[in-house]
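Below are two complexes that have chain A in common, paired first with chain B and then with chain C.
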Partner chain A sequence: MWWLGGLLFIVLAPFVGGLLSGIDRKITARMQGRIGPPVWQAFYDVAKLLQKENLVVRPTQKMYMDFFLVFTIFTGVLFFSGGDLLLVIFALTMAGVFFVLGGYKASSPYSFIGAQRETLQMMSYEPAVLIAAVGIYMVTRSFQVAQIVHHPTLIIKDLPGVFFAFFFILTIKFRKSPFDLSTSHHAHQELVKGITTEFSGRTLAKIEIAHWYEYVFILGFVYLFFASNPVLGVAMALLAFFCELVIDNISARVRWQWLLAASWGVAFVAGGANILYLMLKG
Partner chain B sequence: MIPSLVIFLILAPLVVALLAFLNRKVVPFAGIVYPAAVVLIGASLGLLKAPMGGQPLMIPAHAEWVEPAMLIAEVGLSAYLLLLAFKQKDWMVGALVAVQAALLLAFHFKAGDKIHAEANLFIDPFSVVMGLIIGVIGTLIAVYAVGYMEDFYHHHHEFQDERPLFFALIFLFLSAMFGVCFSNNLLWLFFFWEITTACSFLLIRYKRDTQSTANAFWALRWNLLGGLGFLLGIIFLYKGVHTVEMNRLLMAPKMLVLLPVALISFAGITKSAQLPFSSWLVGAMVAPTPVSALLHSSTMVKAGVYIVLRFASVLAGTSFGLVVALVGAVTFLIGSFICISQNDAKKVLAYSTIANLGLIIMCAGVGTYEAVWAGILLIIFHAISKGLLFLCVGTIEHKLHSRLIEDMTGLAHRMPKMAVMVQIGIAGMFLAPFGMLISKWAVLRAIVDYNPFLAIFLIYGSAATLFFWVKWLGKLLIIDREYKNIEDGISQDQWIPLGILAGLTVLICAGFSWVAKMFIEPYMMVVYGTSVNLGVGNIIIMGIMLGLIALFPMALLNRGKGVRVVPPYLAGANQGEGGREFRNALDGSQAMELKNYYLQDYFGEDKLMRLGVILGSCLVVALVLMGGI
Partner chain C sequence: MGALSKSPWIIHYDGSSCNGCDIEVLAALMPRFDLERFGVINTGNPKHADILLLTGSINEQNKSVVKNIYDQMPHPKVVVAVGICATSGGIFRECYNVQGGADKVVPVDFYVPGCAVRPEALIDAAVAAVALLDKKRDAMKAGKA
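Then we have the complex of A and B:
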């Protein structure tokens, strides 16, 4: 039944992801003293986008985003059907590369700057993600997600530093302040809509859906650290999501220098020290 | 059959070299190189018939004349290098040559009669891999060089046409490389090793301008230092266990051979341009591009990692091994970081070569079966993809009159076929499911089992790798104005090798599990009695990913459907043709320019290189001191 998780991911993840996105907007609005849109707003938006005309600068630019969506789904399917964690991360990188290349292909200054910053963000978060995989392997002696979830104890007990480093870069993956350098949910003066500036209509809808899939995948990764206690796992994943909203609302965007130094530094200090400790403990 | 094939592969390129050297405008060089390529590729494919399972096939290859001939050649070469060093007033090189020659002669006259090697040559799956790389990729690069050098003299009238020498050196080099990977007698190996050093030196110096000469001597210096280490290693080996044969070395008690192995590993580290010696390879990029592809990326520098990987089972679990692994790890990290700040395509390729060689050296130092398996896989994939990329850059440079990545904007329209090749090459270097990534995956798994902290180097290095390859890849795709197709006039001599290498990059990726089973597994079974299995499921997943990517070109057929093309968003100030310009503050028209990030302040070459040299020197000194104690 290894394929069931993957199948459920393909079918359910957009709903969960879209709903999370709606809840995000609602909670954010409440934090800012507004009423906010209905929780289903994300779906309404995408439905509307699907009907809009698809404007492009380069005729081929939309293909890259199609492949971004395909590889994002592929990443999640691999993860939820219990595949190799390293392969999952490589597939995620592959998806990210297509996203970036789409931004480059659009050949417009704003999408270009967004694409470069997106690459920089990928470079920033990758060490923490890979260190997480290495740490999980050291605890469970396996890279297979299917075996990791059956580990008898709470993985986070042995990996607090690694988890902290991973949590730190979640902000990048959720595209939240202070790390929403490449594109964000709001338009910014110097960036407009960043990497997605030149995307509209169906293609923009696909990007949005890909982000929903990404949300669920990332929360699944958070769950891994608590997998021996499923209830706690789901609760912690949701808590992590809520924390991201709070962070988003209380912080301003930083410069890339800060982003790179902070995420590499935290991954090295917290993650690396944790790995070293596990290694010396034997 | 196989023994004579091995000897043929060593001798045949020598004949070609002689023919090329004597060819003073008698026939075009294609007339020599093409037949030679067919014969050499055919012969090296014949290696596939070598017995793959079981113990290596030992080849005695005894002939009275060989050793005196080698000695005379070595002395002659030393005398020639000494002469050049005096002319250049490079006393360091002069001293190294003199010391080396004196040591070699002393060793020969003291122990020469007593040294007896049962088998001078041998062949096993690992040397078949190397043989195929040299025979197929090496010869393809030689074919490419025919067209490239033709173009080269069109573009550079300032240099004297010395193609006979050029091709003679290339084929002499190929012969020596075959010698390196089939030698069991370490004195033979050393002889071939020094020939590759000399070829490298003469080819870097080929243009004869001040810069080339200086860089050639710089490269020679470090390679000679390594050679000296190699020779000392052999002498200590002979003193310790009375043999000069590699197979006996590997069977001897570990304690007795650790010092020789450390010294030979030191030679490997210099040859494959690890820190602190990396700068010679960067300097070597002044040579014509086929030289960079052949010597300084696909083959010669692989001789360094080859020899260290050979001795990996001795290094495994020793503190020597750990230091060697650290040299590789630091080199990988710093090399990858420096790539970020480089705009010159050839420099990016040079530093990334240094970095990837570091990864292989790290595998060798770790020395577990998983690591060695990954290391051999890396050699194969790197030779193909990097060879391809160098050749692409060579041709692009002739067309664009620049090899700066910033000038490659719009290459997808200006040189569509070439852009596809570059994309395949780059994807081969860092994207799943292509070769280098499979290897990196294997390396990561190997290292986590050995020393997870080393994995940190790998992790940070590959994050940087991602960044610099993606921004290069993106640059090719940008179409910021109308571009003309300028691809005409590239000779078939260049297209054929490019096409084959691009095809190989994809094919070997699709069939990597076959490659691993066919070549690497038999070797692993002999040395370690076990091999690596990535898991059928994972291989299928890789296959699916490759299949998905294969859909991409097909999606291209569907481009432009259901979309409306509009000018880019320029804050509403678009003007000019196609709306690609904008109105500036002086009410003039301004074309947009898109320039990549290079993060100079953080990943600048000078600063990082200085750090690398300091770290690398500490490690190398530690390696040598540990041997002394």
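Then we have the complex of A and C:
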């Protein structure tokens, strides 16, 4: 029944992801003293985008975003059907690369800068994700997600530093302040809309849906650290999501130099020290 | 209600104004009136926008800009002229460089009077605009079919 998780992911993740993004906007509004949109707002937005005209600079730019969506789904399917963690990370990177290429293809100055910044963001989070995979392997002796979830003890107990490094880069993956350089979750910003500037209508809807899939995949990754206790795992994944909202609302966007230095610093210091300790412990 | 009316994203452009109406537009998005509860998002990107809010009058310098923003918005789209300046030129009407209201360059769907507009009038316009968005969408579909 290894395929069941993957199938459930394909069908359910958009609902969960869309709802999470609606809840995100509601909570953010409440934090700012506003009433905020209904929790279904994310679905309304996508339904609207599907009905709008699809303006493109070059027809091929749409294709890249199709691949972005397909590879994001592929990443999640691999993960939730218990596949190889390293392959999951490669698929995730692949999806990111198509997203960046789409931004370059549209060739407007805004999407160009957005694509460059997205590349930098990928560079920033990649070490922490890889260290997380290595750390998990050292504890469980397996890269197979199916075996990792059945590990008898809480993985985070041996990997607090690695988890901290992973948590740090969640902000990048969720596209939240202070690390929302390439495109922001919030509409108004100085780069117009960064990498998604030149996308509208159906294609923008696909990008949005890909982000929903991404949300669920990332929270699934957080769950992995607490997999021996499913209730705690789900609770911690939701708590991590809530922490991201708080961070988003209390911080301003940083420069890319700071982003790169901070995420690599945390990954190599906290994550690296953790790995080193595991190695010495044997 | 159709999907369009539940998620109207606006783009705001300020022509030749005194800034009074612009402040009111922003005030409508702030906690007290909170337009986002109707799904309104203030976007900076014409390609993501459904409603173009124009404040201030049209002059020689900004007429190509307004035209350009309008052309870049995907159909269906609605234009709202906010304040008396955007409606007719207002107090700037007699200036040598001012051409008049927003309808000199783009087809305006709604005129919101006031100097400056009241946020309540703006919300009223937004509600009317979303209804028209749905209508335009249906017309667009009928045209294609």
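Rule of thumb we're sticking to: the second predicted complex is superposed on the first by the 279 of 282 C-alpha atoms of A that agree within 3 Å, B and C clash if a C-alpha of one lies under 4 Å from a C-alpha of the other, contacts with A are read in each partner's own complex, and residues count from 1 in each chain.
Convention: a contact is a pair of C-beta atoms (placed from the backbone, for glycine too) under 8 Å apart; a residue touches a chain by one contact, two chains touch by 3 or more.
Nothing here was measured: the structure is a model prediction, and the numbers come from that model.
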Pick one for A:Phe71: touches chain B only (first), chain C only (second), both, or neither.
-> first
Have a look at where A:Glu53 lands relative to chain B and chain C in the superposition and call it first, second, both or neither.
-> both
Please work out whether A:Leu204 is in contact with chain B alone, chain C alone, both, or neither, and reply first, second, both or neither.
-> second
Winner on chain A touched-residue count between chain B and chain C: chain B
Between chain B (first) and chain C (second), which does A:Ile35 come into contact with in this model arrangement: first, second, both, or neither?
-> second
Chain A contact set shared between chain B and chain C covers 53-55, 192, 197-198
For chain A, which residues are in contact with chain B within the complex?
-> 53-60, 62-63, 66-67, 70-71, 74, 78, 83-84, 86-87, 90-91, 93-94, 97, 100-101, 103-112, 115-116, 119-120, 122-124, 126-127, 130-131, 134, 137-138, 143, 192, 197-198, 202, 257, 260, 264, 268, 272, 275-276, 278-279
Residue numbers on chain A that touch chain C, as the complex places them = 25, 29, 32-38, 41, 44-45, 47-48, 50-55, 187-189, 192-193, 196-201, 204
In the complex, chain C touches chain A at residues 2-4, 6-7, 9, 30-31, 34, 36-39, 41-45, 47-48, 50, 72, 74-76, 137, 140
In their shared complex, chain A is touched by residues of chain B numbered 431-433, 437, 441, 444-445, 448, 451-453, 455-456, 459-460, 462-464, 466-467, 470-471, 473-475, 477-480, 535, 537-538, 541-542, 544-545, 548, 552, 555-556, 558-560, 562-571, 592, 594, 596-597, 602
